[in-house]
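Same chain, two partners: subunit A is paired with subunit B first, then with subunit C.
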Partner chain A sequence: MVLTSWRSPALRVLLLGVLALLCMVGFMTVNVQTDWDFILQYRGSRLLALLLTACAIGISTVLFQTITHSRLLTPALMGFDVLYVLVQTLALLVWGGSQLAEWAPSLRFAMQVLVMVALALLLFRLLFSGSVRSLHLMILLGMLAGMLFRELSELGARVLDPSEFGISTGVPQASFRRINTQLLGAAAVALTLGGLLLLRWWRCLDVLSLGRDITINLGVAHGRVVLGIMAVVAILVSVATVLVGPTLFFGLLIANLAYWFTGSQRHCWTLPASVLAGIICLVGGQVLLEHVLASPLPLALVIELAGGLLFIALLMRGVRQ
Partner chain B sequence: MIETQGVSKRYGDVLVVDDVSLSIPKGGFTSIIGPNGAGKSTLLSMISRLTPMSAGTVLVDGMDVTRTPGSVLARRLSILRQDNQTSLRLTVRDLVAFGRFPHSGGRLTAEDMRHVDEAMDYLRLNEYRDRPIDELSGGQRQRAYVAMVMCQDTEYVLLDEPLNNIDMRFAVDMMQLLRRAADEKGKTVVVVLHDINFASCYSDHIIAMRQGKPAYQGTPQQIIRDEVLRDLYEMDIAVHEVNGQRICVYFRMA
Partner chain C sequence: MGALWLFLLLGLVVVLGLCSLNVGASRMNLLHVLTADPDDRISKILFVSRLPRTIALILAGAALAVAGAMLQMMARNRLVDTSTTGPMAAAALGMLVLAIALPQGLPLWGRFLIVSAFAAGGILLFLGVLQRMPLRSALIVPLVGLVMAGVIHAGSGLLAHHFDLSQSLRAWNSGDFSAVLRGRYELLWIAAGLTGAAMLLADRFTVIGMGRDFATNIGVNYSLLMGAGVVLVAMIVGSVVVTAGVIPFIGLVAPNLVRLLVGDNLRRSIPLVALLGAALLLAADLLGRLLIHPYEVPSSNLLSIGGCVVFLAVLLQGRAKWS
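== the complex of A and B ==
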């Protein structure tokens, strides 16, 4: 019954799903020349990393936009990605490289996620307690926070003594070109835990988009639920950043693609749509650039460019309204 | 019964609501009137736990609103403020159905759907049921939000200026409907109103506020009087009796 109309969100999400699946098949099979074992392992782990990234960024961006009632603000724009990078550097500073190296990488990751959640909640309360009312001021503050965190983490890296700096540069900042496949397992576990945590508030999500007053009127403990969801966002941002490094406009792009394509505000549609749009952009984009166009352009650049243009368009529309 | 005990709200140095202790009886229609900045909306939003109090206690049927779980209160008291989200991609029916959230927790039963349909009938929204609310006019959207609150089906219904943005016909409709909710369903309706004539014609009880305090309380016969209104609004208001209704005339000074 839900599938009868072309306009139904269910059908559209299904369509996105099929497209995403095609992209994944393409990613694994296009231009296979060497032996399959190697391809499966090499491409498979990269594909898994891209899927986890799409999940983490897609879900965290839609959630963040729901609790901030904005289609413009994203965790990346507010500097949360870079905050995680800062946490990584601080961990090196505080515990020292040699001690840290003895810890299992996944344990280190878990510690960093916990610190990240605490700092993200603090930053969120600082910015979104109602004292900043202008959207533009909020964006400026977010960019400022991002710059501050970036400078701080570079400063931190310089303060480290040469041997520890060696560790920090020996494990370079992840990016789409240097996907960190070492932590795939830990990232998958963190993503699952974040998802399970989100289930607690699943039914409140749609209510939250009605605004604070109506949310409270309908009996949802607004402040507590928002902080809980922000904690989930912080976990997901950590997952994405540890795998592919900080992004800027990617989340904005896929979340808005999801709203536009489903034409709905219901999280049961926008969340999967945003994840699937992310998979199509990342995995499909990679296939297109690397194999079909044989272009030397890095995928991240193309995606951030498209996202940046969308950001400007959304900003202009907001100004005109 | 709603009771406020020494309720105050302070923003910096400004005391918006000043040590208000009053009670609103169960059942009937209560209007809160007064000039701009008298603290009417702030008081209403503190009663309904939307705004934290600087001091004091609010009890709804003996339950402290700051301590009672939100979900318990949401089945007893509903509140609608004036500035609601306008850009939602949500149909009228979906919006109204959110009113059942405190009862159903998001999973609608047949009983919930009956309430939704009844509320939409009540506010004559049936022809717009599948329209997204961001395509509606201000008045239609306002009625959709009121329908949501109605199908929340609470003993106490609190509305902050529900007549804003709607034309005369729907304003009268809205007041009739709220009056009927009080008379037929035994609900306690509390409304902040700017139009004193509507307050005069529909209320059982009027609370007149000035400078953060209730200045007068009583029936429309006691409150809608030349000398009371002159004192309250600091302007000349002539009260005439027309068809048994007390009507205030103040539009053009003689």
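== the complex of A and C ==
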């Protein structure tokens, strides 16, 4: 009895939830020395940003893997994170910094998200219309596209501001410590919008993972639904990137943790599990590195390294089979 | 056919080299050298800065292109390069380790040897991983290479962050030739010598590219030649990284373009590969100097953009073949 209930995904997701909650409590309470008002304001906003990031990356990665039928492809690997950075740089190049600075930051963010959705849909149509069949080719194309976008935004940053300082902030590395809390509100709104959009296709998700032909057979308008979900993915990627910067392997790490831990294919379990795994990695990792180990190592780099090794392992297993 | 391309590329390198001598923050006219006395300001700029830079560009471009072609034969795959598989990233890691372990600095020779050793480690790691893997698709090789370079890169990022050297690592990773002056590029003559040696060995490497059994069968000492190849490529990478930093994609683009022009025989094509590599690096550096004049865009940035586009085009062209 105990054994069988341990296998149920619901219990496992619950366990993850408890762990995530513990991490959050730890994040807010460990090493508190000053008064609570300051702590609530300072750590609270950072915690909120980390939660939003975990939601955005966790959901977008699982969705992307569902519509591409692969556990190796993630939006970050296909270069979508860096595409958002490129959109930001291009906006600065086209309109000029001073003119853009007059706009409200949230309005700027909304504009960039719209452009990002359009570009992401275009790219997705180009790559996944069936002309590229090999998974390895797809990953290679995605990694090269990511590299291209990164170098292009770096070039844009240099053209904008040739002095050294501007260059070092051209393509920011992901950082979970230096978070852009200015856009928290806008990011939360965008995330909610993305979630509401997703609700429309919630019932199709499990069907989609059966494959294109079966999906169509079961009466789902495959092409339209996939494009809609891709738009949601683009919005979520923008949210995560504007908050912490472009990541590469974080999504891969938490999505695969979620599949492995729940042992289930159903989105009602894998989506929350992926988000919770993201929260545990981000918030728990931050507590561990910052307060317990008192290490100056940035969490983002540690996670990227772990995710990179996981990627090699998955790739090798795929090749061997 | 080959001779025609040889002349065309030689002409291109000469024209680009002359442009490179003429472009910079201060204006000058090459003919001035013939008339004025050899000690004035303009002649000094020419002989201390412009000429060394141009020579360094030509030597480094040719050497990297040849190193790329050799690595492609050794890995038996056309889609790899020293920058996309690990050797360059390993060499940058070597620079980092040197800066951490011996902050007071080593003589140039010491640095060159240690960084080359790291590059050799990167090549051996890559070739070792390839040997242990069933290679069912031609694409798995560049893919594994890219990921390995990424992991080495991330590891050096962590190390650099710990020792507060992130800025320096960034500088080594985006190579350019703006700091090249007389006295700071002579290491590249070694690369030139190695390039020459590689050219002499070119036909043997064509045989290596056909696999161990075939090579042994026609009487080539496979292990010895592989070892020589690793040493040559590593020292070329080491000398370029010590002088200018990481210069990406030349070793991928030049051999593949030449292959389109004259085919697969390395002995016939390797002079073209070297010339095209030199022309590519000269062009990237020139463009970088002109784009936001009088500032500079590192040539590695422009080469990455161009190289990614070419690589993407090659992949999409052949997608039917690779699926």
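Just so we're on the same page, the second predicted complex is superposed on the first by the 303 of 321 C-alpha atoms of A that agree within 3 Å, B and C clash if a C-alpha of one lies under 4 Å from a C-alpha of the other, contacts with A are read in each partner's own complex, and residues count from 1 in each chain.
Just so we're on the same page, a contact is a pair of C-beta atoms (placed from the backbone, for glycine too) under 8 Å apart; a residue touches a chain by one contact, two chains touch by 3 or more.
Source: prediction; values computed, not measured.
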Subunit C versus subunit B on the shared subunit A, clash or fit after superposition: fit
First (subunit B), second (subunit C), both or neither touched by A:L210: first
First (subunit B), second (subunit C), both or neither touched by A:Q265: first
Subunit B versus subunit C as contact partner of A:M147, first or second or both or neither: second
Subunit C versus subunit B, contacts on subunit A by residue: C
Partner chain in contact with A:L301 - subunit B first, subunit C second, else both or neither: second
First (subunit B), second (subunit C), both or neither touched by A:G44: neither
Minimum Cα separation, subunit C to subunit B, after superposition on A (Å): 13
Residues on subunit A lying within both footprints (that of subunit B and that of subunit C): none
Subunit A-touching residues of subunit B, taken from the complex the two chains share: 45, 48-50, 69-75, 78-81, 84-85, 88-90, 95, 98-99, 101-102, 105-107, 148-149, 152
Subunit B partner contacts - residues on subunit A that touch it in the complex: 69, 203-204, 206-207, 209-214, 216-221, 259, 263-265
Complex contacts: residues of subunit A adjacent to subunit C: 131-134, 136-137, 139-141, 143-145, 147-148, 151-152, 154-155, 158-159, 162, 168, 173, 248, 296-298, 301-302, 304-305, 308-309, 311-312, 315-316, 319-320
Of subunit C, residues touching subunit A in the complex: 133-134, 136-137, 139-140, 142-144, 146-148, 150-151, 154-155, 157-158, 161-162, 167, 170, 291-292, 295, 297, 301-302, 304-305, 308-309, 311-312, 315-316, 319, 322-323
